[in-house]
Every structure is written in C-alpha cells, then in structure tokens.
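So that you can tell them apart, the chains are marked A, B, C and D in the order they are listed, and the count of residues begins at 1 in each.
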Amino acid sequence: MFKVGIIGDGYTAADLLRLLTRHDYIEPVYISSTENIGKKIYELYPNLIGFSNLTCEKTNIDKVKEVCDAVFLALPHGLSVPMVRDLSKANIKCVDLGADFRLKDSSIYEKYYDMVHESPEMLTDAVYGLPELYREQIKKAQIVANPGCFPTGAIVPLAPLLQAGVIENEGIIIDSKSGVSGAGRTPKTASHFCEVNEGLKAYGVGTHRHSPEIAQELKFAAGNKTQLIFTPHLVPMNRGILTTAYSRIRSGINPSKIRQLIEDKYNNEYFIRILPEGVFPNTKWVYGTNFIDIGIYVDNETGQAIIVSAIDNLTKGASGQAIQNLNLMLGLKENEGLKLVGLHP
Amino acid sequence: MFKVGIIGDGYTAADLLRLLTRHDYIEPVYISSTENIGKKIYELYPNLIGFSNLTCEKTNIDKVKEVCDAVFLALPHGLSVPMVRDLSKANIKCVDLGADFRLKDSSIYEKYYDMVHESPEMLTDAVYGLPELYREQIKKAQIVANPGCFPTGAIVPLAPLLQAGVIENEGIIIDSKSGVSGAGRTPKTASHFCEVNEGLKAYGVGTHRHSPEIAQELKFAAGNKTQLIFTPHLVPMNRGILTTAYSRIRSGINPSKIRQLIEDKYNNEYFIRILPEGVFPNTKWVYGTNFIDIGIYVDNETGQAIIVSAIDNLTKGASGQAIQNLNLMLGLKENEGLKLVGLHP
Amino acid sequence: MFKVGIIGDGYTAADLLRLLTRHDYIEPVYISSTENIGKKIYELYPNLIGFSNLTCEKTNIDKVKEVCDAVFLALPHGLSVPMVRDLSKANIKCVDLGADFRLKDSSIYEKYYDMVHESPEMLTDAVYGLPELYREQIKKAQIVANPGCFPTGAIVPLAPLLQAGVIENEGIIIDSKSGVSGAGRTPKTASHFCEVNEGLKAYGVGTHRHSPEIAQELKFAAGNKTQLIFTPHLVPMNRGILTTAYSRIRSGINPSKIRQLIEDKYNNEYFIRILPEGVFPNTKWVYGTNFIDIGIYVDNETGQAIIVSAIDNLTKGASGQAIQNLNLMLGLKENEGLKLVGLHP
Amino acid sequence: MFKVGIIGDGYTAADLLRLLTRHDYIEPVYISSTENIGKKIYELYPNLIGFSNLTCEKTNIDKVKEVCDAVFLALPHGLSVPMVRDLSKANIKCVDLGADFRLKDSSIYEKYYDMVHESPEMLTDAVYGLPELYREQIKKAQIVANPGCFPTGAIVPLAPLLQAGVIENEGIIIDSKSGVSGAGRTPKTASHFCEVNEGLKAYGVGTHRHSPEIAQELKFAAGNKTQLIFTPHLVPMNRGILTTAYSRIRSGINPSKIRQLIEDKYNNEYFIRILPEGVFPNTKWVYGTNFIDIGIYVDNETGQAIIVSAIDNLTKGASGQAIQNLNLMLGLKENEGLKLVGLHP
C-alpha cells in the first residue's frame, strides 16, 4: 500500500479522497489545510463520513516526508514550488494539481500569474501530466504538473490533428463551458448561488490563464507555433466542462482523416471514448468519472473540423487525472481505482 | 457469479446497472424493455458506454428463467404480479421495485392504485424489503417488495420510536421533498425542465400512494394504528429526498430517549449514519449512495421530535436498496457493491 | 412624486429598484452602501443599466432627511435602530426591511439576535407591515417593520383560522422551503453555488429567528399563546418560499369552515390568490411578484388542515411588501407599481 | 386599443400574454390551441391568474378576422402559411413567430424543414422582423417573420461589421448556448428535467435550422456570401441565449473600428446595450426583457474579434421582439410595453 499525502482541503482534495476510497494500492494518510486545521475532513465534506477519518493538519513538509511515498498538492499558484522542491529532493513523488509546473517558459508564467517563478530550473524536470500524450515520461517522473481542467478538454482532441498536420496552426477557436466547481470552494460573488443560477456568461475573455497552457501543448503537438483563441464560459451546474473546438482542415486533406486520426491515436486509451458519427457528448455522461468523451463533425462546406469534448472538471480535469498520473509514477495499472461509471441522472 | 435480469429500462434500471458494475458477485445478464427493444442499453444511458453491452429485449419470462438466478422488476404498478408469480414458482428470486407487493391489504392497493390486485394471496409471502427492519425475513424470501422512496426515508427514523412507544401514534406529520428523478424517465409536463426548474410545489396532497405504505409500516412498528399526514414536494434537483418528520413525544418520556433509541437501534447498521446533535443532513452528502443520514432535534418547549432524514431516492430509495435486498437473499454480504461515497460537489 | 432613499445595497435593495422603475409616484433618489461607495448601482446590478443612474453613497442620514420623503432600510439587524429614530423624528416615513422593529418584546429580540435593543420604546410605535392584517395602522404609521419572508408566508394563511378559533393553538407545524436569495448577497459557504445546487437541507432547526416573529403574530391573531414548530429548508433555486402549514381543526368545527374563512377574509385582497380545491401553489407562479398564492386541503381522517402558500421571498417577502406598505403610508393606491405578472417559465 | 389574437398556446404565447398585460395600446382578445381547447389560459399558466381571462379556442381564422386587428402566430413550421395568407388578405397584420416566412429562398426552407413551402410567392412580401436592421420595412409590412432566437443573438452584433466590410466573410464561428425554454413546452426526453439538469451538450452540430437563417441575414449585411459555422448548446437554465461570435478582422483594419462601428450603429437603439470594454454580458441581466447586451473583445495577436451577446430567448428572441415589431407595424412607439428591467437574482 502506497501512502499518500494531500496538501490542501478544497474541492480537488475532496475529490481525491472520494476516488481513493476505492483504490486498492494507494491510501491517503495525511491532509493539510490552512483554514480548517484540527477539523476532521468529514466535517468539511460529510459525504466522507465513514470513509475517511483524517484530520486537517497544518502543513508540515517534514512529516509528509516521513509518512508519505507520494503527495498531491492542491494549492493556489505560487505555493507549491518550495514544497515540491523540498519533497522531490527527498524522493517523494509529487503530483501538483496547481499551476506552478505546467508552463515550461517561466516568463509566460510571470505574465499570466503576476509572480516570479521561484525555481524556473525545475520546470524542465516536471512532466506535463497528460498521460495520453506523455505516458512514458510520467512513468519516470518525480514531479508531474497535473494539467488544468480546460487544457485537458482542449488538448486531447486537438493534439493528434496538429501532430499529423491536418489542421491549420492558425485560427483555432476553443470555446469552453464549465461548471462552477472549477472556481473552487472559497466563497466569492462570482460563485455565489444566485449570481450563477439561471445565468450564463463568458469570462476571462482573451486573458484566461489556461490560454498559454493550451498554446504550449498545441505548439508541442504541432511542432511549431499555433495561434488560438480560448474563451471560457460559466454554466449553472456543479461539474463538467464541454469544449467545442473549431479548426480549419488544411487544403488537400481528406476530411475523413480527422476522425480516423483521433480514433487511431486513442483507440486503446481506457479513458477516451470516441462517440460514433452524429453523436456528441454530454457532460452528464462523464459525471464523476475520469473519462473524456469526444464527438467529431467535419463541415465539408467550410472545411472546418468541429470537435466537442466532455470531461468532469474535478475528475479528469483534476483529481482523477492526478491519480491516473500517480498510478503511472508508482508502476500501478493506469486505471486503478478509476473505473467509474458516470452518475446519471 | 449470480446472474440477474432486469425487467424495465427506466432510471431505476439504469441505476441498478451503474451499481452492479462494481459488484463482485452479481452480474446483470438480461434487460427487457417495451419501447427500446433492440437498442443497446448504453445508447439510452451513454454513461454506461464501456460498462454494459446489454441489448434491450422484449420481456420474455421463459428466457429469464433460463438465464437468471434472480430478477429485478422495475415496472409500472400492475405489471409485475403475473411475472413474479411465474418467476417465483420457478425458484427465481424476485425483487420488485414497483408497488405491487408492498401493501399487505389488497383493498388498500385497489383504492390507491385503481386496480384489482391479481394475486392477493401472494402478498403474504412477499417481504417488505427494508433490511434494517426485516433483515431475517428478507434472507429467506423468494419475493421482496422493495419499498417506495418516500416510505424508506420516513419509516426508518420513525419505526424505532413507535416500537418503543415513546411518541404518540397520532398527529405524525411527514413532510417530504424529492428530486425529480423519482418521477421516472417518461417525458411529461410535470417533469419538463422549465416547469420544474426555479420552482417548488407540493403535490398529491392528502392522496399520494406512498401514504398508505408508510401507514402500514408505522402501524406494524407501533403495534397498532397510527395516524399520519404525508405531503410530498417536488424540488428542482435530480436526486435526493429529504424527509422532515414531526411527532409528539409521549408525556412522561425523557426527551433524550429519542436520540438514544434511534442510535441503539441503528448503531451497527452500515447504511445508517446518525449525525451528531446540531447537525442535519443534506441530500448532497448521500448523492449516488445507499446511505440514509439522520438528524435529530427535540423541541423541549412543544414536546415535539423533529427528525430529518436524507436519502438518494434512486439508490437507497430504489436500486441500491434492491441490491441490498438481493445481497441478503443470495447470502452475500449486505453491503457488497454498495460501499459508495457520495459525489460532492 | 415622492422621493425615497434606500439604505443598503443588497438583493432587497436591488429588488426595490427593479420594482420602483415602474412606479408612477415614488422615485428612488438616494442609495447608500458600505462596501460599494462610489459605484453606480448598475455596476453591481447590470440588469439596472438604463433604469437607474444612482451612485452608492456612504450613509448620510442628514442628506436623507434633506432629499427624501421616505426611506427603505435594508440592513443587517441592529443597524437600523438609531437611523430610524433619527429619521422618524424628522418626519421621514421609514420602512425597515430588517428585523429591528418586528418583535414587540425586546427580551425576545435579545434572545434571538444576541443584542440588546437600543430603543425598545420605539417598538410600540412601529407597525408590523403586513397590510392584509394591519392596513389601517400602516396608513397612519411613521415606522413600519416589514415582515420577514418566512413569517409572511406563514402568518397570512394561518391568521384568519386562529382569529376565528377553528384550529387549535397548539401543535402547529410550519414547514417552509426557501430559495437561496433569502440568504443575501454576501458570499459565504452556505450559499456557494456548489454547496447548494443539487442538494437540500433543513437549517436553523428549532432555532431560526423567524420563529418568534411568527409566534408573536399568531398569538395576536389567536388572542392568546400559540405553540408552533417552524422548520426552514434551503432549496436550490433563486427565488421563492413555499410554506406547508399543518394545524389541527378543533373538534366540532365543520372542516369546510377552513376554506370559507380564508376566502372570506381575503377575497378582496389584490395580492392574495386563493386557488381552487385540488390546486396547490407553485413558487414559479408568483416569481418576481407580490402575490401570495394559497392552496387548502382538509384531511377529514386526521382532522388536519394543510395549507400551502407560495411567495417570492424577495418581493412579497421583502421589497414588494415594503412598497405596498409605503404606498399605504403615503396615501397611494396599495398596489401602485406592483401589478406584476409572474415570470414563467 | 388594438385587438390582437394569438394562435398557439406554448411558451411564446404565454410570454406574449405576460408582456401584453402592461401594454397600453394592444389588448389580447383571442387565443387558440389544439390540445387545450376550452381551458382558461391561466389554468395552463397560473402566473396569469388575475391577468388574463382568455379561453383557449379551436383556431378559427374567420373569427380572428372579425375580432382582431393583428395576430401573432406561434406555431410549428408549416402551419402558419395558409393562415397568414388568409389573414393578410383580410388586412390583418401578421407577426409569425414560427419559421415559415424567415427564409427568402424556399429551396433552403425545403432542405432544412423537410417540407415544400406552400406559398413561396409570399416570401418576398414578408419582412424579416429585426427592427434594428429593417425598421422602415417593418413599419409598412403586412407580414413580419419574427426572427429565430439564435439568429437574433448572432445577427445583431455581426451585421454592422459585415456591412462595413471590416471582418472577413469567411470563417465566422457562432457558438451559442441556450436555455431550455427554446425547446418549447411539449414534453420530450431532450427537455426532461433529469436529462438536462447538471449537464451540457452541443446539438444540431452542423445541421441546425437556424444556420441558414443566420447565413441569409449575414449575406444581406455583407452584400455577398458569407461562410459560417453555427453550433448551439443546451444549458440547464430556463431562459437566455449567450452567443459568442468569432470573426477575423480584415487586414489593414484598425481593430478599434470594431467597437466603434457597433456603437455607431446601435447607439440610439433602446433595446441594445453595449457594455464597456472588459465587461461581458450575462444572460441574467436581460432575464425577462427585450434587451440585447453586447460585449466586445478584439484580440490583437490573432486579429480576431470576439463578440458576446446575451438575450432572453423568449423575449427578445421571440415574444418581446414580436411586440416590438407589431408596435412598429401599428405606428406605436417601438418600446411600448417593453420597458422591462431584468429580474435579478
């Protein structure tokens, strides 16, 4: 049994605990908090009554090193860097669910997160934790940067098309719609019930922090710079991200290549379900799970590929993918503890 | 591996399939339908893609007898009787999720369901499937009548108090609030999105079919007639029933007995979580699970006990409890396949 | 045109502004705030773009006296007392939407609001602002205590029955269910979207501050002490309170009296709509309006009257009723500016 | 007082009645139905209790001609044509809220609506009822084709840019998100509460019927063919459409022209509210109103204009706009009866 610690007590921490209750090889033994020190985790999340008896402690990295084989960090950006530096030196496997190790270029980090990166040299070692693209590197990694929720939904379907060069690098439009849990558990006006319910809005138009993260990975896939627009929207539901991605098929490419390339790339992936022609995903179908469902449409008249993906933002978009990554890092089966059916209705 | 059939393709059938994906000893091998014959069940419920490959068949009892050890019937009232008669004679264990075997008195069935019961003689054999009250009978039963969703939430907390005679038999008020999935999957105005969302109403005031079912079981618990009011309400959410039950503590009874009796009765029950003083349940905490959470308040001024229970109407209120029952009938561990953490948020 | 000021910038203030846009005789000329000083009110509530150009000012009672004929105070409890004292002396009509003038007995105020009342002598002068019960007093009042949202839904249907002595004073159960806007606009965990959506809970069981307010008014109606249980619940919707009130019909009373008394009392009330037998209200039907819809059921077997009322908690439960009160105080038509159709769907 | 009839009893009919309760010059005198003949309209929509006493009648065009000056037709496609032909000959003003008169090219109608248009010659006479673009023609029209809800949200912001030639005619992406009331009141699985709530999906990808309607109007604006992708999504809320439109600014055009052109075009429009830089619309702010709120972002790096619009799909997207049109046709003030504040929260 591998012992794991969780730094942070927000929604992604809670979802890690939910998922680990059914994991046969990883056991959460430690959780730390800043605001709920001394409380049982099931007092914050009573769904965990009977499942976890952990008490929120003040973060103590020395203790983590002592009792844990691995650690999930679920913190606001900026806070993970010194902890991960320390823990990884002590040979603790680190999966960082925050933003600190996702961007390879620290100057972009500075621009989007208004903060100088404390240890830019670590960015090379950290592996971007999208197993469907970086499986082998993840297996050997000491530090995994768990992808953002929006990037997961956007990169997975677009990467194989850019790798194969069948869509243009420019003019990619990523229109994403997210449930509210992505905004975390800290109360604020923007996620106050009455401000969200029965409403719909775009936010972070042209400026969202997940934009450079998507750009980085699409560039790696394409082999050179891509140019994209990413617009997130807030939808009155708890969980789920639906991403509608528009891209232009390069001239001379047979439109049927689009579906074929995605299928070829992902056919053996447990967590990717490519839907048949004419069927498009619903975030309900992946509710509470680690799946990414993909629907594909090629518009012959305009030469556009429209690809729609659905994930659960807290699971494949955060905690589920983090466990998927740790499974790989620990030499376990990748879907260990993650064979989850969506909750419908 | 026990082979089980499911008759019906509504939400409770879908929830059975969701739950059985993680059951180590029961395997669904058959599903029947009237409207979706020939369709894969995952086409109706795409959350099941990759988990169930069953095809909806026309109901064929002979085939069920051939391939199944047990069967779940999830049908509108009236339809189960002949099937259960036939199946139980063939020694197939039957769990009926409908209303046909719940009421022991066929005249009350006739009054509330506008239908003559075809086989009233079977009502004696059928066991009311509330394991926390009838565990031993269920173990030996051939036919189990799975309780209604509202009755489950009302009977569990009130039964020990009536058994002990600490509350009055008269003047019991059961005010219940349910999510919309209890109304089933068939489209109708009353469960049309825009008619429900951002609204709240009482329905079936004084006439709901679950009223005599609750009355029957409270009478059995009390040992003589009780008199109650049951009012259901429809709440804009998918899953969950919250029941607020009001009853008068008998004079001379120490109010602290209320909590103590409920705790004594249920302390060893896996699926019952009694919350500490001052904490009241939220349906979110049992979302997707087989738990029943109970909060208790005694009003010393008025001598009223206020007991609040929360269940997931589709799970503890239907499919989860059905599996709990079948586990018992088959000699399996009662919570086999049902150790589920609530999905929050 | 009467000039009115609004002290406070929360949801009830916003709803006052919405309603006053269509009022022909009352014009809002002043709004004050603590946290948004200097902001245009339409920046907080962009639905008001084009309708109100008011700027949130620091509260300045001298200015209010100068520019206003009347004032609405929409403040947390405790803050209104000194302002109302000052304003009413200056002959400004005051409608207080908070709790400071509702309870006639300052010792009960102290017990429930953890605060000594600064001016208990004013409690006699203040009129409880339920026009359907206190119309004539309101017309002459300088200070009106606008009722709480839950009390409005509970008192209106029960008062005529207690006045007539047809129901028992004891054992009254008031089970209320509210949308989330009742909790105000200040972000907190309990009204965070993901903590509310897809969930349902009871809160303040046995301890809610609206309980003594209801008790006071039912006692006034009955002429002597009543004894009641009030349990509020939180429902995932923005607006609306549904109240299900249970009471025992006195022996010897013809059950048909229940409906008749309510109808006789309220038949000429513009804002009360008594639904026909068998029809029960839905909060959707009063969405955004000042109506209170009432459904009545008499259970002959148990001798209980079940009365269900629906209001919009922000309108009839707060701002609409406040305008109704001010209309009376200013000698205007009672429904001036309030002839609103519910928004459905 | 102009007398108006309403053919149809769905949600747009209900919204017409809601809006007309506050119209000083138009009075609804007739409503027809197919399924609810003989019922009071307030039985279907109890929010109308006290506001409309109309009884649903069997459609009788002769009676309409007799008692009405104008008529709103709110019918499934195909049914309006013969009625409008008949009514317009009798000099009755017709506003058709359905699809029968929107497309000028009957072959496109046939392709998208699977039906031969019965009177293609009438398509020339009918005016497309977007007052902000066709005000003068509408004033003189006998037949107005009220635009679809999605087209309204897409055409208004894009038309001035295409007219001015500042964006490219190709590669326009219109990603729209709608509440559920757009699907009408007829129960069906796709708008069943539990199938929609807590979910999000794209639908009609590449094939939606509003696509050719948008294409037609953008082409008229541009003066020649445009090429666009339109993708609608279904959002778990009752009312509202948010449209995010992406288009490429032509090379050589100063990006600041985008905002300027939209502002210049619409500055004097009562129903268009252009939000300041950095502010993007929320459907909540136009809830229940006839406004269209527009937010504008120009991405200098990619040369894309991102324009976000919000409408209430039933009001500006249907019934409100229909009244706006009829106001013009009858020589009334355009915003008569439509000065509505959004309901928030």
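Here, a residue touches a chain if its C-beta (ideal position, glycine included) is under 8 Å from a C-beta of that chain, and two chains touch if they have at least 3 such contacts.
Everything quoted here is computed from the prediction, not taken from an experiment.
Trainee: Which chain maximises the distance between its CA centroid and that of chain C?
Mentor: Chain centre farthest from chain C's centre: A.
Trainee: When contacts are scored as defined above, which chain pair ends up with more C-beta pairs, B-C or B-D?
Mentor: B-C
Trainee: Where the CA atoms of chain C average out and where those of chain D average out, how many Å apart are those spots?
Mentor: A distance of 37 Å separates the two centres.
Trainee: In whole angstrom, what separates the CA-based centres of chain B and chain C?
Mentor: 38
Trainee: Between chain B and chain D, what is the separation of their C-alpha centroids in Å?
Mentor: That gives a centre separation of 46 Å.
Trainee: Listing for chain D: what residues touch at least two other chains?
Mentor: Chain D, residues with two or more chain partners: 11, 181, 194, 197-198, 236-239, 282, 284, 287, 345.
Trainee: Which residues of chain B touch chain C once you look at their complex with the stated criterion?
Mentor: Those in contact with chain C are residues 170-171, 173, 175, 177, 179, 194-195, 197-203, 205-206, 227-229, 231, 233, 235-240, 242, 244, 246, 248, 280-284, 287, 295, 297, 299, 301-302, 304, 306, 308, 310, 345.
Trainee: Could you please specify the touching residues of chain D with respect to chain C in the complex?
Mentor: 11, 14, 17-18, 21-22, 45-51, 181, 197-198, 238-239, 273, 275, 279, 282, 284-289, 291, 293, 314, 339, 341-345
Trainee: In the complex formed with chain B, which residues of chain D make contact?
Mentor: 11, 180-181, 185, 187-189, 191-194, 196-198, 236-238
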